[in-house]
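Note that chain A is present in both complexes that follow, paired respectively with chain B and with chain C.
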Partner chain A sequence: MSFNWNIVVKYWPRFWSGTLLTLKYAAIAIVIATVWGVLMGAVSYRKPRILGTIVRAYICFFRETPLLVQIYFLFYGVSRYVSVSAGVMGIVALVLNDGAFIAEIIRGGLQSIEIGQSEAAYALGFNKFQTMIYFLIPQAWKKVLDSVINMFSIIIKDTSMLMWITICELTYQCNQINNYSFNPITSYLVGGAIYLILFFAVQGARKLLSMKNNPKRAIEKRGESAA
Partner chain B sequence: MSEMSEKKEIVVSLQHVTKQFGSLTVLDDMSLDVYEHEVVVLCGPSGGGKSTLLRTINGLEKIGSGKILYRGTEVNHRNIKEIRKHIGMVFQQFNLFNNLTVRDNLLIAPVKTQKKKKDEMLKKAVEYLEIFGIADKLDSYPHQLSGGQKQRVAIVRSLMMEPDLMLFDEPTSALDPEMIKEVLDAIRRLSSMGMTMVIVTHEMGFAREVASRVCFLEGAKIRVNTDTKTFFEDTEDERLKQFLSVILHH
Partner chain C sequence: MTFEDRYNIVVKTILVQGLPMTLKLIFASLFFAMLIGVVLGTVRSLKIPVVDQILGAYALICRGVPTIIILLFFYAYLTKGTQFWISVLSISLVEGAYMMEVVKGGFLSVDKGQWEAAKSLSLPLMHTITRIILPQVLLVTIPALMGQIVMLVKGTSVAATIGCMDTLRRAQLLLPKYSYPMEIYAYVLVIFFIMCHFLTWLGKKLERTVVKRIMGERNV
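On to the complex of A and B.
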């Protein structure tokens, strides 16, 4: 038994629908987890009063326990009390888990900004919230952009856990194809290759973004447009 | 004019201000009045509390006891945000907003905290930049400027708020020698415009030229607080004499 192109062709619709579902969950989770992560990072950055302490406890719990345990907890535990679909629970799990990692990244970024930036803002009459929104988060975001985009790749891989709660994403489909074809080499190699393509797509987007952020290029561009 | 100056109003008044960091007393029962159009220079050895004193004036440091009056109103945590809009502060490290161009550094505070019109503020910003010789830097980011240019932008950023009082904490200490003059010139210009200022500096020649009054801080106390001429030429204080002889022959 070895790699077999016929299996790829025959089961391509399954690979494809799995890929689309993986993409859909990853995209939604990436957007919400990023917003959530920035929010939690900003709250946990401040002196840990009551809210800060709660947020730090949340971040610790979701970073230091397995994602699958969290998914089961939400899907079997919490959905007894709140009736939402497996898909929504899946997104919630990914957002809470990966959002906690993003929050830590953002907090690190915020802590690396010189205190003088906040002091200058306060001296001009800005309050803490405005200082965060106008100065600290934009600067932190730029510093940690690479790490956050790495998290996007991780989120794509994390969607494979959703197969355990009846979501027919790519890994689930690879399992199915293996069950029908009895050819694990082909089933999982193609699945893996598709994940790899998604990874390179994210890296490509990262390169584009970092070029846009690169000050040197910005100067060159301004020079061009001035000329 | 001389009758007028007798009736000068006090802009800021520190009354028996005490400040501690843990068990270390940094300001020990300090009192100081700053009058309108006055330039007060603070000097003294490192660790004497100059920066801390300056920072208490706009509430960047909380005080332990005593009180601070701004235009007769006691400063507290409720009114400090409003009062800060009238007090400009220039830092040793410039502290321009790194994520914004010069234009936005200058516009963001008046537009967002004072609700001023953006196009009017832009006109004003360009005028100031021209006065200080940096009009071509409007679209630059802070990291594209020299230290002297950054500090002049920082001064303009404060001026955009139409401050009633300006505070300077060693504005030239982080600059290369050839850039010190351009920043001192900018401050000279403010002084000739009649701006009320409190300046921490080690530039004694400059202090002698612009200050109306000089204070010598040492060991958490204001040891000497006198007019500029007396300060440099006629002091009785032994520690100040020592300090001056070291710093002037340096």
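On to the complex of A and C.
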């Protein structure tokens, strides 16, 4: 058993469709999870009396339970009562899980902003909601952008869990190709390489953005590496 | 569902049959992951030219590729070994890579001047490491390491997918008999939550103790 190019060529359509599906689910989950995470992070920072406790409990619970069990719970448990497709349930699970992580990152970013910012906004007559939208979240977003984009690459990895709820994404296709060709090295190596390429793409985007965000630091860093 | 059914599910199956396997998985993977993390992390902090690049590639692969792909690959490729050891192998490889990065970061966070200052005071090497360098490393690594351990505990649930008889798999096998998937999976979620929450609490406490021991009462 060794690496075999013929298998790659023969089953390339399967790899390709799996990659596209992974990208599709990852993209949808990333967009919704970011919005959801910012929302939850803002609420858990503000700590309204009842809602704040609920949101805190949600974030704590979903951060400390495995994604796989959550997916099973939602797909086999909840979808008995709420009939939606596997794809929607998969997205819901990814959003709930990774949104909780993003919310915690956003909350950390919000807490690191000095209180003078919101006081200045209140003094100018902005209400709490406007202060949040116009002053705090943009500043926090800039601070935590690096870790949030890191979460995006984790979301791409997490989509591999969706194979257990009948979604034919990349990991599922690799498994199928291995079943047909009995060549685990080829099938999983190609699958892993595709995931690695996606990972590199996200990390490259992260580096570009962080350079754009604070060009000064990037230049300093470049100077360091040159010296 | 009657009370007796619930007793059968929770106590007889999940707690008595499933949980010991999960704990075994956790402790075995934790042992090997820590071993990989501490040894290779120390090696990486020395920055030996070729070795450093190889270990960097290993860390990158484990960070970029999902655990499931690695698990399924070993499950298909290795013809020997039980599901338990295959799961332990892949989980500890992946988590070991993360721990390696944490340990490396801890060592690199200690300023070079600390070594030089200890040398100029002609402290013996053993003393320098145990009294000067390691406390500073621990201060940085313990919070990150505890977070990684929580990730490891959560990560052991994927072992169920290749048929390792842990909590999740036992719960799944109950489904044909009792058709209450929501309740059964909720029990599994609660068990994992208890374990992870305990570890998070322990991590916070440990962090506070370490800070108190190393930096003094005022910095807690």
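Miscellaneous remarks
What we mean here is this: the second predicted complex is superposed on the first by the 213 of 227 C-alpha atoms of A that agree within 3 Å, B and C clash if a C-alpha of one lies under 4 Å from a C-alpha of the other, contacts with A are read in each partner's own complex, and residues count from 1 in each chain.
Definition applied: a contact is a pair of C-beta atoms (placed from the backbone, for glycine too) under 8 Å apart; a residue touches a chain by one contact, two chains touch by 3 or more.
On a predicted model such as this, the values are computed, not experimentally measured, just so you know.
In this overlay on chain A, chain B fits alongside chain C without clashing. Of the two partner chains placed by the overlay, only chain B lies in contact with A:Gln130; chain C stays clear of it. In the superposed model, A:Asn97 lies in contact with neither chain B nor chain C. Once the two complexes are overlaid on the shared chain, A:Gln173 sits clear of chain B and of chain C alike. Looking at the shared chain after the overlay, A:Pro184 reaches chain C, while chain B stays out of its contact range. Contacts of A:Gln139 after superposition on the shared chain: chain B is touched, whereas chain C is not. The vertex angle at chain A, taken between the C-alpha centres of chain B and chain C once both structures are aligned on chain A, is 100 degrees to the nearest 10. When the shared chain is aligned, chain B comes close enough to touch A:Glu114, but chain C does not.
Contacts of A:Tyr122 after superposition: chain B is touched, whereas chain C is not reached.
More residues of chain A lie in touch with C than with the remaining chain of the pair chain B and chain C. The superposed arrangement places chain B and chain C with a least CA-CA distance of 22 Å. Per the touch definition, chain B reaches chain A in the complex via residues 58-60, 81-82, 84-85, 87-89, 91, 93-100, 108-109, 112-114, 139, 141, 143-144, 154, 157-158, 161. Interface residues of chain A facing chain C in the complex, by the touch rule stated above, are 1, 60-61, 64-70, 72-73, 76-78, 80-81, 153, 157-158, 160-161, 163-164, 171, 174-175, 178, 184-185, 188-189, 191-192, 195-196, 198-200. Within the complex, the chain C residues that touch chain A are 60-61, 63-70, 72-73, 76-77, 150, 154-158, 160-161, 168, 172, 175, 181-186, 188-189, 192-193, 196-197, 200. Touching chain B in their complex are the following residues of chain A: 114, 116-117, 119-127, 130, 134-135, 138-139, 142, 215, 219, 222.
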